[in-house]
């Protein structure tokens, strides 16, 4: 009889990160019973703007922020709910994350963890969302300079798009799963603006090999690759906190070199598989089908490991 | 003196005219229009092959490019109205009459054209019925079919998607018709001969491979808790109760949920080997976990499914495969199997009325029914017993000598009380009746008639219509599972409770099911990727279903 | 958007001691339900903000059945609805009470 | 004002600022020191090469040390929308540019944004919005997304959005609305020399991010400041 290749476990830690709600991800991520929410749903702090658009609101405006313990250490955490308004940044949504990051300067947690799940700016509150993203990036940099690692976890339904992609690029370390996507313009937006010849958004294999977790990990756009389980993200987050680089000139110069090298080496590539081939993968076409274990093993064997200065 | 060979001579003349555009039997893609204009005559009955899966799309494009002055008033007799060209030809005057079976993606446009009088409609058939008429009164003059490859003698390899081809060719080639096949490539030797060359008059090397719709792929990621609850009820309250081993599933998410619960929920109930072992079914990717877990003994298929070919090749104990190793499907045989050799059909619908008649035709959409009216009917010609069939017959009761009582096929409607946009599935009167009135149809397009349906499963419970003894009981049994629709809220509460005490209505709790247990963690696969893992990498889903 | 409020008197209070629970997400066809144990033990209120207008009588029936079935005395229930179907509403309400019944 | 007019007003005595492929770089004298200038001209979309080049220039200033302020002059399109840019990690390039500006500011090089034309979406965040203090010139039109595109995404009629835009500033494009949100600190007077205005802005600026406070006092972002403050209080136990 065939073995069962898919987890049928009911343990919350074995549940799919992609499928879990923002609250379920946080509950499983931190040590059991340690999560404490700031401005919880009972406070009903909801968007003042959505009613004008005849849209329903959420008690938490699509983001849960709070404090918990990770393997005993105190961490500040934020989780976006990708199913509410695509996890987009509105005024309150953004301000909750701004506040959390500013608090890190005082509270000095072991890390701030951001569980991204966002399409970017909430258009109904565009100016507030856009400005909040700028505030968040500034606050992340300040937290990092104060020695607090900011780790982003990406594997939700909405991916990490628009301003969310820029915030992710500001974090100390990023963990991504296969289904995770990191990008600025989404496939539909590019297709709308430039046509299906530029980007056929319905070709999902193309979407994932252009923006998906494996590609981001391979080119150094993310620092760790996790299975799509809450446990895997928890383990990866724990591991990455200790590896966070300082935020200083040396780090940014290294990132400058990393990004310039990428342009030189891959600037003329038409497709991700070309890049993977040049990275030294023998069978680039097989990459999307690899399981995590094989993929991680392959990363280790690469002639040049993806560099992570950020 | 009577000429008994007029049709034969006419056929020979058509072929002769066509040969001018061919080298032997082989025709270049660029010459398709010339070929069709040479072979076709005004008023011809034409079968343009296409169903809910594969399409003779190169020939469809060619037909729609014909000069309506030369080719016009065709009578199309085909399974599927699926491609835009299938309807373009009616707008252009190339075709006039239509007898068909399925029109899923063109449902809205075909409705507009019917209302607009651009199509003279014969009937909306079930597949097997249309096939039957190919041999009696709708025999094609010309058949335009699709295959994977052919040799220069016309020997045809249809590949895993054989589907309607043998039936269409049988009716056309042996009754003085002309058979034109499009193939993806001309080869020296075909991998296996699905259609012998002497039945194929022309072979067109198509400009691109024929289109196949992955209609039977349901992404487990989209299965909802409600669908899981309904699947749990169906398994426990019907499959286990009657011991259903031979069956057919529709294509909805509800039946996909059942397939995904077999190795988990049903396994825990100890049902392995006792239910769901023999299938008339397309190769549903969502059945992979059950197959891999040893649930399934064999499956005969109407057609194939995109991405399943390698998997099927590696599981010849389960699927019907040819000497070349690839799937052999056959819609006519599989529909026959679904009719006579299965004890249960379970599928979904868009509307059910108070008696249990159902239809997927709504005011704006005429989707056709494909195989559902066939599989969802009680075969009165059946003469072999089986436990589920006999048990259902017993429940249906009836007067007269019990020794002369026959069995009943179980025909189950699996419907959520509200569909998309909160449209209720339960209605006083089917939209199909209004459509029939407006179009002046003699027969309303009903998918499954009330006297064929035996059970209705909704998220609220199961109604066993076999046990109803009066029309009033039947109506209240339906209202009793119709949830919060107007029909459901219009129930006689006392009578519904009486029906429940008689086991005619069964709620989840009556079946020992807690709705809160209906969780996605019960699904053996929660994503297409999980299905790929279950298949050991053999299932290769099309790009639109991937998120990796 | 439409606002609906229902008040019910119950035979008993809901078991358990949990002060608050939230379940579900505001999305198309989905809803979030916030439950707070803040009323008198024989009272239950349900306030709904729904994206789809004109289903007041369906809501009334769904909520009445739920109250009759679960007797959620003491609960203030607040719902943000993205156009969920009645079965989804019932499921979320049952999920919520199960969470509240936890010790 | 055009870039040439701006540079002339800033550096009446001449400067070493040049534009290549829409990317601005160079410096000129300001007060007793110098002012470094980077930026984007001509409504140019910001892609991976542009972001990389601009970030390199900013890091050059930091590496040289001192306290040279950096002016980020912007008349850009949005981020460049292409498959290639995303394939190569546009989010990293844009974030890197923003980080370079934030590092410069934290390292003693006050950063001043100056929007004198268009800018939008990711290009806006990576450049002008990553500065300590953001100024604009009359006629500038920063946005997140233009209203027709908003109409397409939100599936609301354009006329209704235009009507709503009159009473609520939070979603509508344009300079006034960005000022109200606190994103743009000040609108400069083009009739007066820009140099002293920039110097005054620097002198009056703080490294503390006060944009949400501005948004509250100007009425364009009424709740953000209080929400952030509430989270800080909850997290720090004040």
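Per-chain residue numbering starts at 1, and chain names A, B, C and D are given in the order in which the chains are listed.
Here is the rule we go by: contacts are C-beta pairs under 8 Å (C-beta built on N, C-alpha and C of every residue); 3 or more make two chains touch, one makes a residue touch a chain.
All figures in this text were calculated on a predicted structure; none of them were measured in a lab.
> Centre of all protein Cα atoms: which chain's centre is nearest to it?
A
> Could you please state the distance in Å, as a whole number, between where the Cα atoms of subunit B are centred and where those of subunit C are centred?
Roughly 41 Å, centre to centre.
> Starting from the mean Cα coordinates of subunit A and subunit B, work out the distance between those two points in Å.
Chain centres of subunit A and subunit B, defined by C-alpha means, are spaced 42 Å apart.
> Just the number, please: Cα centre separation of subunit A and subunit C in whole Å.
33
> Using mean C-alpha positions as chain centres, tell me how far subunit B is from subunit D in Å, no decimals.
Chain centroid spacing, subunit B to subunit D, equals 59 Å.
> Residues of subunit A touching 2+ other chains?
Residue numbers touching two or more other chains: none in subunit A.
> Of all possible chain pairs, which ones touch?
Those chain pairs which touch are A-B, A-C, A-D, B-C.
> In the complex, go through subunit D and note every residue touching subunit A.
Those residues of subunit D that touch subunit A are 48-49, 52, 55-56, 59, 62-63, 79, 81-96, 98-100, 102-103, 106-107, 121-122, 124-126, 129-130, 143-145, 150, 152-154, 156, 164, 168-173, 177-178, 180-183, 209, 211-212, 215, 220-225, 227-232, 234-236.
> Under the definition above, what is the set of subunit C residues touching subunit A in their complex?
For this pair, the touching residues of subunit C are 1, 20, 22, 25-27, 30, 32, 34, 36, 49-51, 78, 80-82.
> Write out the stretch or stretches of subunit A touching subunit C in their complex.
Those residues of subunit A that touch subunit C are 21, 23, 40-42, 44, 51, 54-59, 81, 83-84.
> Which subunit B residues qualify as touching subunit C in the complex?
Going by the criterion above, the answer is residues 224-226, 416-418, 422, 459-460, 483-484, 489, 515-516, 518.
> Taking the complex as given, what residues does subunit B use to touch subunit A?
Listed in rising order, the residues of subunit B that touch subunit A are 221, 263-264, 289, 292-294, 520-521, 524-527, 529-530, 532-534, 536-537, 543-548.
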